[in-house]
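The structures considered in this document are given below.
Both complexes below contain chain A, partnered by chain B and then by chain C.
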Partner chain A sequence: MIRLKNLQKDYKDFKLDVSMEVPEGRVTGIIGKNGAGKTTTIKAILGLIRTDGGEIEVFGKNPGDFTGEDKKKIGVALSDTGFCSVLTVKDVISILGSFYEDFDETDFKDKCKAQSLPLDKPLKDFSSGMKAKLRVLTAMSHKASILILDEPTAGLDVIARNDVLQMIRDYLGEDQTRSVIISSHISSDLEGLCDDIYMIDNGRIILHEDTDVLLGKYGLVKVGEDDYESLDKKYIIASQKDSYSYTCLTSEKQFYAENYPKAVVENAHIDDIIVLMLGGNNK
Partner chain B sequence: MKGLLVKDFRVIMVQKKLLILYFFVSIMLSYAMDTSFIVSYFPMIGLMLIISTISYDNHENGMGFLMTMPVRPGEYAVAKYIFAVTGLFLTWAFAVVMQFISLFIQKTPFTPSELFMEDFMILPIFFLILSVMVPMEFKYSSEKSKIVLFVICGIIILILIAGKGAAEYLSNALGVDFEALAAKAAGIAPLTVIFVLYALSVVILSVSMVCSIRIMQKKEF
Partner chain C sequence: MKIIINNTSMVPVYEQLMDQIKQEIIDGSLKEGEALPSVRNLAGELKISALTVKKAYDKLEEEGFTVTVHGKGSYVAETDRQLAIEARKKAVEDDFAASVSKARSVGLSDDEIREMIEIILEDPQ
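Let's look at the complex of A and B:
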């Protein structure tokens, strides 16, 4: 569905160079620090910025050649932007109905009601959570084949975050062929939702792995300074020196659990992986 | 494109209280002042509201979000011109009706054909302002575009002053009779003048729209 090959975008003090692929029916997460290049990648996929090199294909087309019909297949929620804040949900309904033939007004109103979104209140008076929910509902309002969600849960409390994630799961449940690209810097959001995750840092993909593999095979190996020297490092991706020990990220935790009885081997969460990948000494 | 027009209409309707206020102010002004004032005043308000829809679109990077809707940047520009020209025409037509009603109520004698001619000459001025302002708003932010517009107005005033100076020089030094030329111009049939003005408006609006389309196509969101 989406294919990026060495996509490049140069800014004065930032250079993006990423390759990625999102097949049909997959949920792909992009995770990274603020300013890592997540939004730039998403904007390039949507054709909102010009690129300086590489290839982008969305439904087999370059985003620059998108027609209105192509855009109808994509549902988008961008972070911190949406419909003009003086409008109400009623206005939004009227606008979406004029843009999309597949817009289902009754369903949209029901979903707004379920999320306690008032129809007559100006959007500027909405809370952050309400705005985020409306953005995601808007993206899902016209039965798009792919959802592109940039930081849909940023700045939300845990309840609102769960609501947004559940809305996405429900949408995917309606049609197994739908795909999602979701960017976030909150790893727990992606762990329970994504089939695979791209980790981006400083404009480059530093890790791409299926979520099952990340959570099942990746792990943390904690060893003392002496044991660290003798540790076989062929499956160590990154390591970080603590006060009297080393914490190592491995892609084969079973290997170290079986062969190094003195080492403490723990499951790794995506946050641990990020901290070691971005903060540790990469091997 | 229909979605964009609906969006603009909805944004304007958010300001309906302001519109109602302007409506009553216009009624009062049409009685208190020369009735022709309202024909300039009401389209001016309409133009300001129309231009404000671009500022609303730009607010909080909303333009980027709009470009994810099923619309291309060039179509956005075209939709804005359709909305603006239609809006200007409707506010002008409303003002003309108000003017006639006011004249009837005040029992002021007037020649409808002459009044129509005067009213028809006002609309191209707004088309000209629109042709300058829309690409400015697309190219620059709302604040910057106002500065650029101010600079353009300054340049126009300087050109007029220079033109006047040049005319005086031509008149004195070369003996060109501008009064005779003006009298000759006044002799041109009003319908011809209106036709020329509207033809020019179409040309200027078209050039402006092409510029706006290019600005939007080159823009990053």
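Let's look at the complex of A and C:
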């Protein structure tokens, strides 16, 4: 559904160069530090910025050639709602209704009610959790086949984040061909939702892997200094020296668990992987 | 259907899922012809990736426990339960064989291995 090939964007002190592919029915996560290039990538997919090279294809078209019909197939939630802060949800409903034929007013109202979003309170009086939920509901309101969500859970408490993630899961459950691109710097949110994850740093993709592989095969190997020297580093991606030991990131934890009984081998979370990939001494 | 995923286990999630669905088929709580939940729905419920669920479903089909009807979903296949139980026994036997060869490779005698198994068996879980 979406294909980026060496997509480039040059800013004065930042250069983006990414390739990625999102097939039908896939939930793809983009993860990275603040300023790594997540939002720039998303804006390029939407045709909101001019790019400096490479190819973008969304539904087989360049975003610059999108017609109104193409845009209706995409649902977007960026960091701001884009709705004026004096409007109420009721106003938002009449705006969405006039934009999209597929807008389902009853369904939207039900979902707002389920998330306890008041219909006649101006948006400026909404909490950040309420605003975030409204953004995601708005993106889903016209049954788009692709959802593009830029940091939908940023700044939310754990309960609100859970609600937002559940909303996305429900949306996916309704139609198996729907795809989602979601960016976040909270990796635990992505672990339980995404099928594959792109890790982006300083404008480049440094890792792309299925979540299944990240959680199932990647792991941490912890050894003392003497054992580190003799460790076969065939499957070690990065390692970090701590005061009393070495922590290594591996893509084959089973290999180390079987061959090095003295080493501690643990499951890795995406956070661990990021910290080691970005902070460790990559070999 | 009852499925419990252990996220701290070293056993890959797709394998955990496979084993539990297999168990349900073998003990009859999942009946022949019964539909498995859709990939996306099960992934959503268990909060795991859809590709993980798909992997488990594919392997189950490979081993003959389920059949997939394209565009409709996966169903419990008409399996010979006895055969399925045999297959599991075989898997356990293979694990034992691997342990025994490991034990021999570190120089344990057959008597020592027997003794070890006796001790393990005495342990009431």
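Everything below uses one rule, namely that the second predicted complex is superposed on the first by the 281 of 283 C-alpha atoms of A that agree within 3 Å, B and C clash if a C-alpha of one lies under 4 Å from a C-alpha of the other, contacts with A are read in each partner's own complex, and residues count from 1 in each chain.
The criterion applied here is as follows: contacts are C-beta pairs under 8 Å (C-beta built on N, C-alpha and C of every residue); 3 or more make two chains touch, one makes a residue touch a chain.
Since we're looking at a predicted model, the values are computed, not measured.
Overlaying the two complexes via chain A leaves chain B and chain C side by side, clear of any clash. Looking at the shared chain after the overlay, A:253 reaches chain C, while chain B stays out of its contact range.
Vectors from the Cα centre of chain A to those of chain B and chain C enclose 150° in the overlay, to the nearest 10. Judged by the touch definition given at the top, the superposed model places A:226 against neither chain B nor chain C. Legend: residue contacts after superposition of the two complexes on their common chain; A:13 is shown touching neither chain B nor chain C.
In the overlay built on the shared chain, the residue A:80 is in contact with chain B alone; chain C does not reach it. Contacts of A:98 after superposition: chain B is touched, whereas chain C is not reached. Contacts of A:43 after superposition on the shared chain: chain B is touched, whereas chain C is not. Ranked by how many residues of chain A each touches, chain B and chain C are led by B. With both structures placed on the common chain, the touch criterion links A:176 to chain C but leaves chain B unconnected. Applying the stated contact rule after C-alpha superposition, one finds that A:120 touches neither chain B nor chain C. The gap separating chain B from chain C in the superposed three-chain model is 27 Å, by closest C-alpha atoms.
In the three-chain superposition model, chain A touches chain B and chain C at no common residue.
Note for the complex: chain B touches chain A at residues 2-3, 5-7, 10-11, 14, 56-57, 59-62, 64-65, 67-72, 75, 220-221. The touching residues of chain A, when paired with chain C in their complex, are 25, 27, 169-170, 172-173, 176, 192-196, 210-212, 215-217, 253-254, 257, 265, 267. Chain C contributes residues 7-8, 10, 12-14, 38-41, 44, 47-52, 55 to its touches with chain A in the complex.
Those residues of chain A that touch chain B in the shared complex are 43, 46-50, 66-69, 71-72, 74, 76, 78, 80-87, 91, 94-96, 98-100, 122.
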